[in-house]
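Before we start, here is the structure in question, set down as structure tokens.
Here the chain labels run A, B, C and D in written order, and each chain numbers its own residues starting at 1.
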Amino acid sequence: MTEYLILQALNGLIIGLIYALMALGLTLIFSVLKIVNFAHGELYMLGAYFSYYLAKMFGFPPVLAVLSSIIIVFFLGVVIEVLFLRPVYTGAVERKDEYAILITFGLSIFLQNLALFVFGPWTRRSPSFVSGTTSFCSLSISNDRLVVSALAIVFMVATLIIIGRTFIGKGLRAVSQDREAAAIAGINPFKMNLLAFGAGSALAAAGGALIGPIFLIFPTMGAMPVIKSFVIIVLGGMGSIKGCIIASLILGEAESLGSVLFPDLTRGLAYKNAIGLLFLVVVLLLKPTGLFGEKHVRMK
Amino acid sequence: MKKCFSLLVCCLMALGLTLPVNAKGIIKIGGVGPLSAPGSFESGKEMKMAMEQAIDEINGAGGVLGKKVALVFEDTQGLPEKGTAAMERLVEKHKAVAVVGEFHSSVAKAEIEVANRLKVPLIIAEAWADVITAKQYKYVFRIAPANSLFYSKIADWIKAAGFKTVVMITENSDYGIGVERVIREQLKTAGIKITSITAERTIQDFTPQLLRFKMSKPRPDLLFGIFTGAGELLMVKQAHEIGLAPTKETAMFAVGTDALHKEFWEITGQSGKYILTKTGYYPGIKFTEKTEPFIKRFKKKFNREPTFAAMEAYEAVCLVADAIKRAGSTDPDAMVTALEKTRFTGLRGVIRFSLDREPKYMYHQWPGTPSFVIQYTQVDQPYTDALLLWPKEYSHGSLIKP
Amino acid sequence: MKNLNRLILMGLLSAAALLPFAMDGYWLHIIIIAYYYALLASSWCLLAGYAGQFSFAHAALAAVGAYTSALLVLNTGISPVYSIIIGSFAAAGVGLVIGFLCLRLQGPYLALFTIAYSEIFRIVLNAEYRYTGGNFGLNVPPLFARESRILYYYTILGILILSLVVMHKIVTSRLGLFFRAVREDEDAAATLGVNVVKYKILAFVITSFFAGLAGGFYAHYVRILTPNIIQLPQMGLIIAMVVIGGIESLAGAVAGAFILQLAAEYLRDYEELRWVFFGLLLVITLRFSQNGLIYPIYKRLTKKNEKTHAESE
Amino acid sequence: MKKHMLKVSRVTKRFGGLTALENVSFRVAENELLGVIGPNGSGKTTLINLINGIHKPDNGDIIFRDMPIHRLSSYKIAQKGIGRTFQVTRVFRRMSVMENMMVPALSISKSGTQEALLPKALEILALLKIVHLKDEYGRSLSGGQHKLLELGRVLMLDPDLILLDEPFAGVHPELKADLHDHIRKLHDRGKTFILISHDMHSIFSLSQRLMVLSSGEKIAHGTPEEIRKNEEVIEAYLGN
């Protein structure tokens, strides 16, 4: 029994790391722009498709395909920010919060259907990073999952270092705490918006591109992960990067263990996706700031 | 002011323009099936191809009652409410004289209601739920097997193969639950231990449950995955990755039709070797003289092996044409009478429709649909080359355990 | 101006009343569904546009009404007429709970909460298929024993008109004024004597009732119910209708629902491309014309009209 | 001795670790005009937020005409006759001026219709000289007009006690004179005021009595003359 639970926990850890990558981008965007990006799942999906096509049609090696796809989606994010989100900060829109929700939601409808039209509905799978499986005691894990968890950790550490240690990170943090004060201190908040949205999109794309060989690629593949990311950012506290990483691991574990410890075993899997949502609802009701969030942020 | 009125008039006129104009001299046959997600569009597209082929052949042979036939196909997306709308559109807007097709039982279940209400013959090609014929509607016929009919034969194989503990993972849709029920009923009496889990269609990670099966003592003999689409492929892949199945201890049966498509291999790769699946057609067995020419033409035209779904779709269109010929008109009641007297040599035997009312699902059902259990023995193997295990009289060998 | 409005209204009403005589069954079906969406869109417009509560649970509330009504008829055998009304009240009750729970939540927090609620509800409907029919669908008894589309047409037309009259009354009364004050600034409204808690909850209750009513009718008209009516793309469609029609106008929302539903039907041959286009239209409308597309066009038309009137006099 | 309208006793308010108000007590008599001054962050706005119920005090009580109000919701306090304006104006931007005026009017009259309340609204708008703007949207008004509209809205509540939070901040000198005028006129008609302002000239000329806050504590109170001479006040403003 203990061995069994340890194995489940290990599986949950890997899944949690994968979740973290996508939620990290959402958190970064929220902390700087104070916007929940409802089109995040579509950026994730595009990341997966770009890397798939780069690998399949142009013969890019898998890791290079992932990196190129991340760069493409970074610039896509920049374009989206300039075209659609800029008005929120120039005072051109009346209801900022709601505008941001609706416009990103609209973008998600648009991008999802565009992908359906351009790429077709077929299910695809990216080539493996490293094929085969590795065994530990009685658990065998596919090499893809191991590689992806390792890469997820690399991306997360890189993000943390950039935000915590570099000049750009300082700017991002300053804007996330107080736009006006940052502007007075000589930081251009518009530039930081651009950077944060681009980087957030790139992280989503990284998630999607890495997932390609593990789960499959199809136009609506972002729908479920984006909801999981919502759960994570609420649980971790909107805008808190540390909280986001911890919440991802909690969610991964909760799903892995929860669905096998569910009282009615035959329906554990049927309710698996509800576990996280229940977290979200309860956290919002009892402690809207989440586990690590600072104060309740609302756009001014 | 004038402008507003003219605007209004324009609107009304625009609406009026859409009133259907039925082209003379063409008999329209409606087709329904999933062409886009969340439906199983791969199967739907294949069925549509096969229907088009049937239409071409009928017209090539001079049409029906001196008129050309045409196919109007509506995408039902695997959603019951879209099925209802599609039926209404086909019958009321396009004036289709009969409708054929459908892949998803849930959608078919909605469509038979409309067929019955609008009094239009509907031949269900590839939806298996018992209830579709069990409602015993006058205008509804089926050439696909009923779940009970087909899966009791699969259950016979499970019993004969000597499995003692069976675990099932079922998608909580019409399809999954229907199949699960039949198998469970059949195995209950044979003293086989069954564990059954249901799951959302959108689940991507089955690992926790598969791990549970792997750690259970004794390990199950057979993992029976009743899933379609991405879920089925992911389950096959993950069961193999964690070393649960197919292994020496545990065999794996992937029930969904996706296991027959060539796309199966792109996604599962190594994991697909030794997977068991079922089919309603196997080429080693000669059914009728029409079988081989059909397959040849289909392969030439579409560059792929037809599955039994394609065959059923093709047959359904031919049955409609046949019924119109014998009825001498497209009057729905005359067509129903003709259909009830059908003796049509199809691709997999002589098709007739039973008029028995017991068991319930037998009414307007073709009782003779064949069912086969096959096992892949090579990666990238077309299903037509897979090892045939069941029925016993045709079997080429016995279950291979890696 | 007022006369003009009245004239247009009369014109539209008589057109709606005469429609079944000018149209074959299939198009009538499309229009009936358009009325269903018009009711959903206008009530969401009241909730989001007027009261400022951007809830994503509206489709789920329609499902509450639909499933309550369908299950009641199937299990107790009461008449659908009563069950639809009970279903609407059930939706209003759920709206009450959501409104109460969401008192402290604004903007993205409210959106996330309501999305989570909808998803959980959908998952439960799927998982408890023994009771709800799950994906297999629930066969719902028809509203009328007699097979007549015209009967359904006039029923939903009546429901829609009645609901719009009630909603219009609300919008123009003190209730509507308070809704808008709460939307603009909760604290300021409270310091001016407005019971913010009460009106926020009331907005949810009233609009949920109409959503439930729409859902109940839909269930007994289409006769098949699956959890798909809650899916996020459904909510996206309602939002697109309201935004394109004009988020601060009931009439705009109704017009938006009509235009999108008819356009979706006309452009059927383009399949996915329709939704690409609608998504783009939604985004562009939001970005460049936050009052929607209908209202500005109408305004321009009537302005020109007034001018020509003045000139002619 | 005049009757006391508002009694604030030993009120304390903390936000997290920060103490915004510490043990503050004072009274306001009927028809008094009390000015409150103090450096930034001294707790002036918090005080108003406590009186009209946006925040609840951690300790102490607030009694308005023999009725404890510190546990009541803002809207109830407003209906009891306490109105306020905001430092940064908060007019309803997507509602017309007349609709802005109607919100408080309808909230206190249970049966009143908009038509019945119209003359009163027009009268107040005329008094404030913004009647020509009655159909304009809140968002299209200038900053000064926002100040006037906010005052007009408060008057529609017909409150006995009016709390003004920095009414002169960022206001054109001409308008400032007008505002002085309006406040005096209303005071003459029997309204009671608590006025917060950084504008020393205005507040000293308008107030009958002054209270001084510093770092959340009351450090002085008295007539404008007394305050002008108070060492502690000078210290608080000029010290370090």
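The rule is short, and it goes like this: a contact is a pair of C-beta atoms (placed from the backbone, for glycine too) under 8 Å apart; a residue touches a chain by one contact, two chains touch by 3 or more.
As the structure is a computational prediction, the values presented were derived from the model and not from experiment.
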Chain pair, B-C or A-D, that carries the greater number of C-beta contacts: B-C
Most central chain, Cα average position: C
Chain at maximum distance from subunit A, centres defined as averaged CA atoms: D
Whole-Å gap between the CA centroids of subunit A and subunit B: 37
Centre-of-Cα separation between subunit D and subunit A, whole angstrom: 47
Between subunit C and subunit D, centroid-to-centroid distance (C-alpha), Å: 42
Where subunit D touches two or more other chains, by residue: 93-94
Residues within subunit B bordering two or more other chains: 36, 172, 198, 200
Of all residues in subunit A, the ones touching two or more other chains: 94, 116, 223, 267, 270, 273
Chain pairs in mutual contact under the definition given at the outset: A-B, A-C, A-D, B-C, C-D
Contacting residues of subunit C [partner subunit A, same complex]: 48, 52, 54, 101, 104-109, 111-113, 115-117, 119-120, 123-124, 126-127, 232-233, 236, 239-240, 243, 271-273, 275-276, 278-280, 282-283, 286-287, 290
Contact set on subunit B toward subunit A in their complex: 36-38, 41-42, 169, 172, 195-200, 202-209, 211-212, 214-215, 229-230, 233-234, 241-243, 263, 266-267, 269-270
Touching residues (chain side subunit D, partner subunit A) in the complex: 93-94, 139
Residue numbers on subunit A that touch subunit D, as the complex places them: 94
Subunit C contact footprint on subunit A (complex, rising order): 30, 35-36, 38, 83-84, 87, 93-95, 97-103, 105-114, 116-117, 223, 227, 230-231, 234, 238, 267, 270-271, 273-274, 277-278, 280-281, 284-285, 288, 298-299
